[in-house]
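Shared between the two complexes below is subunit A, which has subunit B as its partner in the first and subunit C in the second.
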Partner chain A sequence: MELLEFARGPAMNVAMTVFIFGVVWRLVALLALPYRGIKSRPREGVIPEGEISSGFKGVVRRMWPYPTFVKAALFSTVNGYVFHIGLAIIVFGFGPHILFFKNLIGLSWGNLPNNLVYAVGVLTVGSLVAALVHRLVDLPKRLISTFNDYFSWLVTFAPVVTGLLASAHLGARYETLLAVHILSIALFLIWFPFGKLMHSFLFAFSRGVTGIRMKHRGAQI
Partner chain B sequence: MTAQKTRTGVSFDAQGDLSDDQRVINAMHAFVKDFGLSAAVHMESCVHCGLCAKACHFHVMTKDPKYTPINKLKPFKKAYQRHVGPFSLFYRFFNLAPAVTTEELKEWQELIFDSCNMCGRCTLICPMGIDIAELVKEARHGMFAAGLIPERLALMDRTTRAWGSPAKGGTPRHVCGWSYSRTVGADGPHDPRLGQPGDTGG
Partner chain C sequence: MSDDATLGDMLAKRGVSRRAFLKYAAYTASIMALPATSTKVIAQALAKARRQSVIWLSFQECTGCTESLTRSFSPTLEDLIFDFISLDYHHTLQAVSGDAAENARHTAMAENKGKYIVVVDGSVPIKDDGIYSTIAGMTNLDMLNETVKDAFAVVSVGTCAAFGGIPRAKPNPTGAVAISEIIKDKPLINISGCPPIPEAITGTLSYVLSFGKIPELDHLGRPKAFFGETIHDRCYRRPFYERGMFAKSFDDEGARNGWCLYELGCKGPVAYNTCATLKWNGGTSFPIQSGHGCLGCSEPDFWDMGGFYKPLSTSLGSVGTAAAAAAAAGAIVGAGSAMLARRHQENYLKDLADKDEEI
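Coming up: the complex of A and B.
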């Protein structure tokens, strides 16, 4: 079996299966834990129904730091946006990726110009490198970093770089480059449920719970 | 007083005469028992961005990375991964999150109690919305169950149990810096219901 055939077939099938079952398992195991509620009485004037909507408010409010912290959090926030939006543009805006989704789920949409996606790819690589350098030089960040952080970075970085190389036909035969690119995505999908990449789902729950709690205490969200 | 030092020279107080193993078991039981959906979601969501350090007074003033708020919860995150999280079975089987030791809990006493006033600034700056201050509170419950809280708090606990208030009898003067023996007598507390320093009170 050719490497490309293996990547497109068994490797991708296994990766998708692990991804789906892993994500479902992690979410179910988490959400099945009892909700202990908040034992204190709500601050005067706070009605329980309002607490639920404050959960949604909490999710939206955390998209940008509170004014007090804008300066301190500027690099992390802006750089975070650059590579998150960059990744979204690459994954959902590149023609061949849209074809992949069409084969997978039957849905397709218009693609962005290839050159624009390549430029975004280069920008995303730069942003991810900046994120890694920041993790290595910022002392608190370095102290709390674990294998999870570095490996999650690697499996995010690898598909972007191998994708750019495959597009540019640089370094090896196109088929080999494409196979390596697909295998790097398979690795990303396999790691996804086990590491911090799960924050893609968990951020909403985490922010929502705190939004509800802040409203309960009568704090401004 | 009961102040002792760990092997690395970190001061800590201990109450009662529990064995080291029992202290860890008590801490983990209390911690795991308290764990519900919201605490678990917060334990799972951290992306280790380190922004909480930039909001913490203790880190801002000292620049010491150990005061990074999420770092103050390290032993309890290990306990969560090992005993509660969705992959706890794997963590135990492959020893990916080694069991918490008493030594770690003793070392973390300073970080959990003395280096956090639960102001909640870390909660406000966290892009994931993790209520770190609330998690510190949960961790303190675990430390109390282990008999590993600062002695000044243990005394307040004993006073509250005896008199229904932490601010009665000789307690305030003791807290303000009076020596224990001068406040309550060289032979120990003048009210037998207070127990001896070192008792967890139950």
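Coming up: the complex of A and C.
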């Protein structure tokens, strides 16, 4: 069996199966836990507000740091937006990727020019490298970083780089690069539910709950 | 015509001008991506060349490769057969049959021992001792081994000979294999394609005649001059790919405007061949220009590459059932995890309550 055939067939199918299994497992395990509410009295003077509203505010408010922390967190925040938006453009805006989704779920949408996606890809690679360097240079970040952080970075970085190499036919024959690109995505999908990449789903829950608790205690959301 | 006569003598006798001969040499050098100085070398070498004995074996094939060769634009078949090579054995083209045909093969082998070229089109069945294809009472396997034994080189013409081709497609009932899987001790050139580009066949043979050696090959044994780049790299529709402009169906506006056929399953990005540059029928057109995506016919196992109309970026097979099972299993395991966590929580709270009572 050729490498490309293996990548497009068994490797990708197994990876998607593991991805679905893992994501459903983690979400059900989390959402099926009982919500016991907050037993303490709300802080005096706090205007009663629904938990959904507080939770939603918590999600939205944390999209930008508090003024006090803007200076310290500016690079991580802006750089985070750059590679997250970059990844979204690459994954959902590139024609061949849309075909992948169409084949999988039957839905498709308009694609962006390939050259634009390549440019975004280069920017995203730069941004991801900057994120890694920042993590290594910043002492507190480096101290709290674990294998999970570095491996999650690697499996995110690899598909972007291999995709760009495949587009440019750099380093090997196109079919080999394409196979390596697909295999790197397979690795991404397998790792996704069990590592920090799961924040794609969990960030809303964690921010929401934090928002509710903070409001209850009278803190500014 | 004497076999001792050189090609130059023969051409002079036929009234072919030196200018026309040089033109052909330049054309050959050009399509083989050789430097301009090679024109002189080719012209001189070919002029001195004596007729090359060629034995053409056809096994599990459809005769499409011979059809392709007979439509060679330059040099013409007439040039090739009567001027360049001595085609001593070819099932389809030879006039004789039966024992006379087999005698011609044996005579050519004996008279040109160690010098003749064996051209093979078609795969060889090896299952059940190769009984699925026989010629003159011999299995293809036996005939190949017998003929190649004293050959100078072997040229596998067409994807069936080069990689097994359609006979080898799943489930491969005859156990078809490529020539390279049988012949290990001779120089071997693969000229793949279903059929191969005629100029790739004749150009390669001309190179061997001119330089007395095989041209530079890729990792699949194909001449790099013809198989060095993908169809996609040289496709005139490539700018549409870069702009993200794809035909969605064979009769939509995109198709009419000549947009990229990637979404319709074109395998150009993974097909190494020269269709987009040399084209077919004297440079008239090629499949993509005619509105259909490339099938990747010059690549191994192209028949089993997941469907001609399935885009390259899609996964092969279906994960529908597996995905549903995975989701169900995930939900069950997740619910089990949550149940254990609940029990743990309740026990913890109960312990706390008990401790409070004790205090």
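Note that in this section the second predicted complex is superposed on the first by the 214 of 221 C-alpha atoms of A that agree within 3 Å, B and C clash if a C-alpha of one lies under 4 Å from a C-alpha of the other, contacts with A are read in each partner's own complex, and residues count from 1 in each chain.
By definition in this document, a contact is a pair of C-beta atoms (placed from the backbone, for glycine too) under 8 Å apart; a residue touches a chain by one contact, two chains touch by 3 or more.
Owing to the predicted nature of the structure, the values given are computational and were not obtained by experimental measurement.
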| item | value |
| --- | --- |
| Subunit B versus subunit C as contact partner of A:Val23, first or second or both or neither | second |
| Which superposed partner A:Leu99 touches (first subunit B, second subunit C, both, neither) | second |
| Partner chain in contact with A:Gly80 - subunit B first, subunit C second, else both or neither | first |
| Contacts of A:Leu33 with subunit B and subunit C, given as first, second, both or neither | both |
| Touching partner for A:Arg62 - first (subunit B), second (subunit C), both, neither | first |
| First (subunit B), second (subunit C), both or neither touched by A:Phe194 | first |
| Footprint overlap on subunit A, comparing subunit B with subunit C | 25-26, 29-31, 33-34 |
| Residue numbers on subunit A that touch subunit C, as the complex places them | 2, 4-5, 8-9, 12-13, 16-18, 20-34, 95-97, 99-100, 102-104, 111-117, 169, 174-175, 178 |
| In the complex with subunit A, residue positions of subunit B that touch it | 34-38, 40-42, 44-51, 53-55, 59, 63, 65-66, 68, 70-71, 84-87, 123-131, 134 |
| Residues of subunit C defined as touching subunit A within the complex | 230, 232-233, 241-244, 246, 262-263, 269-270, 300-301, 304-306, 310-317, 319, 322-323, 325-327, 329-331, 333-335, 337-339, 341-342, 345 |
| Subunit A residues touching subunit B - in the complex, by the definition given at the top | 25-26, 29-31, 33-36, 58-59, 62, 65-66, 68-69, 72-73, 76-77, 80, 135, 138-146, 148-149, 194, 196, 198-199, 202-203, 205-211, 213 |
